[in-house]
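Data first, discussion second: the structure below is written as structure tokens.
Chain IDs A, B and C follow the sequence of writing; residue 1 opens each chain.
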Amino acid sequence: MRRALLLILVTAALGGGSPAAAGSGSSLTVAPKPRDPTRLTLVAHLPGSAGEPVAFFVVSKEFGSARKVPIGVATAGADGTAHIAYTPTWSGAQQFVVKLARPGTGARSATAEYRVTASTPGPLSAGANPPRPLASVGHVFLTVILTIVALIWLSLFITLALAFGRLPRLAGAHRH
Amino acid sequence: MTDGALPEAGSSGGDLETRRISRRRLIGVIGVLGLGTGFGGRVLVNAGAASATGRSTVARRRAKKQVPQWMMIFDLRSCDGCKVCALACQQAHYLPAETEWIKVYELVGADGQPYYLPKPCMMCEDPPCLAVCPVGATFRTDEGVVLVDQDVCIGCRTCMAACPYESRYFNAEPGPKAPPQPFPRSPEWPVPQVVGTVGKCVLCAARLPAGQLPACASACGMGVIYIGDLTTDVAVNGLGKTVKISEFLRENDAVRLKEELGTNPRVYYIPGHGQQLDAQG
Amino acid sequence: MDLSVDAPPLEQPAETEALSERARQQLREAAVRPILQKPGPISRLVALVLGAVVVLGLVAFAYQVVEGMSVDAYSDAAFWDVNIANFITVVGVAYGGAVISAVLRLTGASWRAPLVRIAEGTSVICVLVGGAAIIPSLGRPERMWQFFTRPNFSSPLIWDALAIGTYAFASIVFFVLPLIPDLAVAERTLGERAGRLRLALWRLLSRGWRDTPAQRRLLRRMTGFLAVLIIPLAVSVHSVLGWAFAITSFRPWWSEELWAPLFVIAALYSGIALVIVSLAALRRAYGLHDYITDRHFTRLSLVLVPFGAAYLYMSVADFLPGAYHGQPSTAAVFRTLLVGTYAPWFWTVVVGGMVVPLLIIALPRTRRVGWIVFASALVLPTFWLNRVLMVIVPSTYDMMNGTFGAYAWTWVNASITAGAMAAVPLLLMLLFRVVPILSVTEIEQLAGPTAAEEPALEPSLAGPSQRPIWVRLPQGELR
């Protein structure tokens, strides 16, 4: 946590992530929200993109080659700046890309690297089922039942031992 | 017990040997042994539960490092029922012809019109098959993939009874001969299948860490089948399309099969009847 | 003499001169008659045929193990097979012994005395054969030992194994305990004529039995304890079996709360039917009419009726809600059972297995030995058919698209089934060439001085010394 804060301060001091412009003046900055470092704001500046939809991506190499995963589209303002909010779901170094959504008007794009700290390093899920009615007594119940079964086997063995060990020795005075 | 008419055991006098264990001692011995067995049983149970069921506390503890959580999406708007996914899976795993780990159903929709539904293993988060396996041969990995250890399975097919999606198949006979495989034989890549055990779709779990798509997803020419990771929120299909899972599912009103059963499957379906096929050409 | 209603003890004091010496002699001779008597031609033929069928079953099983389950024409569309139905049927009929030896003992029905050995022997044989009958259903039976090394306690099959194992052990002990005095008696009766092996076994089990009061007391306590123990064990066995279907799956017809009680009642019903049939056959084969009287059959048939009626009621309760609300999956399965492909078999079960036997026993005109045995003989195969329908039909139902697969009958699974069913009478015949067929000691204990009269249906309010015994004495005996 402390390392992330340090990193944030450093990158903030350096004016955001490491913007690598692929076109003159294009830039993309990734910054965490002030009070919540797990949520990010991506700000893209693509000159001449005023009023155009701008697409943001995060790069994933998970399935073979690097693929751009769309994470949002925003319309650039009059000054060619567009921004989106993004909550990443996994921590680690990630690469972000921004480009104009409509192709053709020059390959204006920018990339940025950022080390993400996600708040819940866990999967999205539809939510676990509510616990079953007797879930809390499950283990106790199991122990009890197994103990009962063990006792029954024990009593059966004892019965056999009594029948073949003790019973013959009870041949005392022959009453008949 | 039933001989109330007879005198009490302790008071019968000279008949009985003095070596007889007194009733109290016998009860005490039984009690101690019983408690001991109970505790011993408890230890065994915990050990057994931890190793065998996958429903243990060990599996539920959050993983220290992030692991991918695999899932699948089927975009039925593009499915034309060609069954090449089923064929590719059979070929990749050298399955016999009757066994289709991903099976394409032709169903009738609410409007009376037909549509196609390819169905792999649902990779449920709460799998009924796992709960009923007597020897714990079915287990769930940390990545959420439900697998069968075919060196343990006794072939009782109770898991087949339990699966509400009919996703499990019994290997009654050996399949076609399999050449040496790119992956070592394991539950993630059970090729060739062990005769007399149960097998099912494994989400090509051996391919995924290498970044390869499952056989069905690669083969689908319509881009119906997406393989995704819930942790990174990324899914891709065989045609190179990449989506953000949460948005993709939400925007297209994705559903899961038999949601009401509470199995929490990891396979989502975007409802459709092939309506995007013409658009793709 | 104690006349109070709540006081009568369930057992007689053992030192009674209740049967004359001659009656005793005849009783003991009858008990070992199967051992002494050379088997007649019919017995030999029956044993030969049964033996051949059992061997055929074993050969078929071996063939299946070697060649794989494809010889059964296995198809994923019908994943559970007849072996499971055989298992449920044979373990189920083991209940007859439990009822007759244990329950009737605890309710003080002394007329059970001549029946208990046969009933309990049937029970032991059935639980062992039934337990074995499940093995051909497994794809990898050689891995069964993993039930002990890595059990998954959330699986009903593990509880099946535990319950059946415990019940089998308890049944064996419950069978062996009363044998101890009986084998001593048999040894004295037969002497060297019993043969060396038999004598060695008898001496091993009954050594040291001198019939002292202390021994009788201990034995009675142990037997009483087991009688109490065996009833919940028996109930647990079939309840767990029912739950193996009900909780394992969401399939229509299986996932019903009623299935555990349904299984238990069916087992009780078919178990008593098997005991009736066994008694009739053995009585005829060994001339035991003096001891296993027509009254016994009447009494047993009246025990059969409540279980049959309860099962009929529960079957209605099973089907009615599902057929009414018509949820598609349930409706599909019920439709195929009630009016569809399987309807002839289903109605055979209901009419032949429940309605007709109950009618036969209910009408006083047909409540006679021959008819009662016929009714019981109807129950046995129809209840096997019932279990076949219960296991196979829902497993052929495809939960995804609502279609039905088909179960294939081959010579392999038919032979294994026949072999399992033939093993029970064969082992029964062999059993009584090893142990006495009547529990002599128990009969003598429960004998009363008024044995020559027709016993009343209700136990009298008189004290124990006037409790009658259901034994027809030789002519001219004053007793």
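Methods note: contacts are C-beta pairs under 8 Å (C-beta built on N, C-alpha and C of every residue); 3 or more make two chains touch, one makes a residue touch a chain.
As the structure is a prediction and not an experimental result, all values here were calculated from the model.
**Student:** Which chain lies at the heart of the structure, taking centres as C-alpha averages?
**Tutor:** B
**Student:** If you tally contacting C-beta pairs, which pair wins, A-B or A-C?
**Tutor:** Here the pair linked by more C-beta pairs in contact is A-B.
**Student:** Compute the distance, rounded to whole Å, between the mean C-alpha positions of subunit B and subunit C.
**Tutor:** About 38 Å separates the centre of subunit B from that of subunit C.
**Student:** Averaging over Cα atoms per chain, report the distance between subunit A and subunit B in Å.
**Tutor:** Using C-alpha averages as centres, the distance is 22 Å.
**Student:** Averaged over CA atoms, how far is the centre of subunit A from the centre of subunit C? Could you give it in whole Å?
**Tutor:** Centre-to-centre distance between subunit A and subunit C: 58 Å.
**Student:** Give the residues of subunit C touching no fewer than two other chains, as numbers and ranges.
**Tutor:** 153, 212-214, 225
**Student:** Going by the touch rule set out above, which residues of subunit B reach two or more other chains?
**Tutor:** 15-16, 45
**Student:** Can you list the residues of subunit A that touch 2 or more other chains?
**Tutor:** Each of 142, 146, 155, 166, 169-170, 172-173 in subunit A touches at least two other chains.
**Student:** Can you check the complex and tell me which residues of subunit A touch subunit B?
**Tutor:** Subunit A residues touching subunit B: 60-64, 67-71, 89-92, 121-126, 128-129, 139, 142-144, 146-147, 150-151, 154-155, 158, 166, 169-170, 172-173.
**Student:** Which residues, counting only subunit A, touch subunit C once they are in their complex?
**Tutor:** Going through subunit A, the ones touching subunit C are 142, 146, 149, 152-153, 155-156, 159-160, 162-164, 166-176.
**Student:** Help me check something: in the complex, which residues belonging to subunit B touch subunit C?
**Tutor:** 1-6, 9, 12, 15-16, 45, 48-49, 51-53, 55, 98-99, 103, 105, 107, 117, 119, 128, 131-136, 152-158, 160-162, 164-166, 169-174, 195-198, 261
**Student:** For the complex, give me every residue of subunit C touching subunit A.
**Tutor:** Within the complex, subunit C contacts subunit A at residues 15, 153, 162, 166, 169-170, 173, 176-177, 180, 205, 207-215, 218-219, 222, 225-226, 229, 233.
**Student:** Over in the complex, which subunit C residues touch subunit B? Could you list them?
**Tutor:** Spelled out, the residues of subunit C in touch with subunit B are 9-11, 13, 68-70, 72, 74-76, 79-80, 106, 137-141, 143-144, 146-147, 150-158, 161, 212-214, 217, 220-221, 224-225, 228, 244-245, 248-251, 254, 395, 398-401, 464.
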